[in-house]
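Structures incoming, each one as structure tokens.
You will see subunit A twice below: alongside subunit B first, and alongside subunit C after that.
Here is the complex of A and B:
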């Protein structure tokens, strides 16, 4: 067997395994769509043509963060607890195949969420964007799963399988709210607005809003730099924790 | 043995957890086609030993040589992992994948191993090929994990409590598979709580106690190590008279009969019959490995030899 086959099968079976967990699939796919339908489309202020487009960006960010964080955190914590990860580490499977498989699964879910939200936005929300805007937004959102995957990985490597889901929610939901993904950031109290820049999800949503020209006007490079730095720090922490976990010190 | 290739060699292995020494200078070596059984009570360090050998945890001292290659730290090369098979005690697969899918996934990890279909056959789970792991019985799960340990046709296999949760029939069939591995020249390290398993399978038994091997030998040698046999009978002699018989170490009474632990069973029986010619239901028994093992690891093991204590 070639090593490419290992990467393919690992990714395929990770996806199948997650897909067979209704407790993960249903909330991951349904929540962003339902929330967006309510808050972005149905409760759109009268006469506003931009509201649905603005909320499309923020709820898409909210949607893609969830599967990335949950898939990594919960499944890695439970693979560790059950000894599955130990068996895989002892087998000649490259660790990268395991991690990339989880990333691929997160991207498949992100893709599905993007497709559903974009469809809802175009059909029910009357959101009209250039083709380049749709594509740019989708690519940005897919790339935007990376920092959240690292948050999930860090939690999955450190938390017990029992604690992981709760802790992820404790980070995911407040972070989504505080970075203006549920309500526009401008509607938050001013001290929370000041704080919003610490969350990676704020910067991702601002980059997305830039695509539809509704962002707060900070430079693209600033958002990219902060997202990049956050990702680098998370990656470094993951490597440290993983080294400790594998006993390499 | 010496002509066979040494597949595993451990010298002076030390492992400490938070100041507590869990492995205290462990030595062992294992040749191709040999089955080594590591016995020891819970907490003796069996799983720690296997984990350190496999690089799951770092050792604090000592040397480990796997398939002729000296190992540094916790890194184990891909080439080495291709040739080692492992079944750990806590081993649960993804509950949502079927037997056939798990076998397909594991068989793709190995360059020259069994096909997915052969693995399902090795596990004896052809009729459950499409059952998800979460729905299998404990014994079926163990059989699948055993088959996956063999996925790469390994030269060296580690089995940590492989028959846990299996019924008698499944256990015997797994024993048969382990014997086949031995015939194929595979070196097997086995830890178990089932002493019958050690007696059935092991070429060598090593008893691990508080991080050290306190005894090592063939199952027969290990039994002989304990140096005593059980003499059971019904007799009218008093406790004092029985304990005074030559060779007697211990006495216990139950249901009208008595059991003597004797270091020299023949002399004990001779003296017993001389003193009481109405002795009935006389039996002399070999100590089962289980008792030999308990005696070796019991806290009082050092004192019981020679002291005559009354155990009622």
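Here is the complex of A and C:
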């Protein structure tokens, strides 16, 4: 079997296994759309043309973070607990195929969320963006899953399968709120606004808002640098933990 | 099969993004996302941001400014929904237009001021008719190329006191009893406040006659009774102390005669009196370095040749030890530390200063003296507003005029960024300074031989005397038998009497001509024997550099190298003026030649 085929098969089966877990699929797809319908469209201030566009960006960020973190954290934790990871490592399949498969699944889910949110925004929210803005936003969001995938990976490698869902929720939801993904960051108390700089999701949302020219005005490079740095640190930690995990076996 | 599914998926995705709605083309510029540069806007209603915003008092969290019909409508943290055109602030620094709290404005002063982002000036003595003519613009937000002016009109001084030497007949005050009427006359002429010149009997040096303390007190009292501010010109500590004790609202100069006393500091701080230190003009009397450093090494684009002449012009008094500048700076610092309200004012266009640009120099000098930079920014924005009770300008807050400067760099880090603002708005209209045109160079050779007429190779000749300034001299010129004949009388009357013939060197008196390639001037002259004087004027300056020479009844050729005119700006010489001797004279001039 060619190595490309291994990658394809692993990705396909990972997607199928996730798809057959309604407990994951339904909330991952439904939450952002329902939230956005409520807070971005129905509760939009009268006469506002920009509220729905602003919220589209933040709820899209919120949406794409979820699958990336949950898919990695919960499935890797349970694969570890049930011995699947050990088995797979004994097979001729490279570990990277396993990780890239998870990444591919996250991207598929991110894409679905983007499609749904963009549709809702266009149909119900009267959001009108230039084509370059629609596409740019989608590409940015897809790339933006990477740091959250690493957060999920780190959690999946360190937590037990029972702890993983709880801990991920404990990080995911507060981080989304504190980064201004549910409410505009400027509506948060000022100390929380300053704290927002800590969260990668804040920087991703600011980059997204920059595409629609509604960001807070810090330079693009600053957000990119912080996101890149966060990703690099998380990647380093993952490598360390993975070495320890495999070394202990 | 698989690749078919894959292709189908990709096609669906592409189709999806093609179907996503776009803004309608007609509405696009007004509604969303497409920012204009300041220059693209042709209106005084717009949304500006994101910017870092100094509102005249402090730095704000708001990043967007809504301008409607030339006034600040509202400040916003985030870009609001608006049908107004959006001007991109590029995250640069936005501050209110600057206020120069000490100028003497005439001619194109208000235009020059605005070219450097000074959107309002406080005139501390000038032609009240000029003031009255410009006043209406203050309440308007019409497009203009002039700064707003508030002014004292004619100042209050004694017979032959400071202020009477400039050649305009002005009313003077002699006794306290005239105070009320005198102030009322000024207000009737349109003065916004009263400026008084005062030198105490206890002052170490008295340069000119001054009103006495009783008159000073009476004028201040009269001003207050008639509802306007009284500010006082002083040059020394005793005069400052007496003016403050007499109830003056503020002082329009600092002093370098001696260190400021703790008593005066306390009195001024407690009574909330303000001061306009005018360090720039004094720097010109003392240290004489700052213009070279800040302006002349790499002149800002809007700096005219006339401005350079004024900036390089020197006071003609005997030298004062330059360590007095440190004393002046220390006085300023102590006043700031004592909590006295400081106002930035340039005293333009006195020597070493010019309109607009010198206010920025003043701000740098205030900072170097030790005034915190935030306070320096206030001194040219909100402080004059508070001191003089202005209500249209000085703040970027709802209701105030949209007089604004967009800066490339953080002024808190470097005030010299004010010298090259990214944009200037006056009344919400973008102001684009008309950059000065270069003057033409003169090469050596004959200028005029008067063989048939008055014609000159460049510029032209005209009779000139102090009758222009209400002096008592007079002059006439004519061409007779191939020479220029000048007859006239030089009589005392004006502070600097003159009578003779003037040669305007080029087409424009503002620009003058470039004398860089000229080493000297030569002419033939004979006439009433006596001491004659040749005055040379730099463009923009009304104070000539003079050289005296003796004329006899016989023709002689006078050769003068340009070096006999120290301080003349050879890049912009506007006028040469041959003056006859004292009393009645007549002289003949011929073959004027440049070498």
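Just so it is clear, the second predicted complex is superposed on the first by the 247 of 249 C-alpha atoms of A that agree within 3 Å, B and C clash if a C-alpha of one lies under 4 Å from a C-alpha of the other, contacts with A are read in each partner's own complex, and residues count from 1 in each chain.
What we mean here is this: a residue touches a chain if its C-beta (ideal position, glycine included) is under 8 Å from a C-beta of that chain, and two chains touch if they have at least 3 such contacts.
All values reported here derive from a predicted model rather than from experimental measurement.
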Given the superposition on subunit A, are subunit B and subunit C in a clash or a fit? fit
Quick check on the superposed pair: does A:93 touch subunit B, subunit C, both, or neither? Answer first, second, both or neither. first
Does subunit B (first) or subunit C (second) touch A:84, or do both, or does neither? first
Should A:21 be classified as contacting the first partner (subunit B), the second (subunit C), both, or neither? first
In the superposed arrangement, does A:50 touch subunit B (first), subunit C (second), both or neither? second
So, does A:9 touch the first partner subunit B, the second partner subunit C, both, or neither? first
Could you read off the angle at the CA centre of subunit A, spanning the centres of subunit B and subunit C, to the nearest 10°? 150
Quick check on the superposed pair: does A:231 touch subunit B, subunit C, both, or neither? Answer first, second, both or neither. neither
After superposing the two complexes on chain A, what is the shortest C-alpha distance between subunit B and subunit C, in Å? 16
List the residues of subunit A that touch subunit B in one complex and subunit C in the other. none
Residues of subunit B that touch subunit A when the two form their complex: 54-58, 73-76, 78, 81-82, 84, 86, 88-94, 96-97, 101, 104-111, 132, 145, 148, 151-152
In their complex, what parts of subunit C are in touch with subunit A? 13, 16-18, 20-24, 31-33, 35, 49-50, 63, 77-81, 91
In their shared complex, subunit B is touched by residues of subunit A numbered 1, 5-6, 9-10, 13, 16-18, 20-21, 79, 82-84, 86-87, 89-94, 246-249
Which stretch or stretches of subunit A touch subunit C in the complex? 47-51, 53, 111, 115, 118-119, 122, 127-131, 133-135, 138, 184, 186, 212-214, 216-219
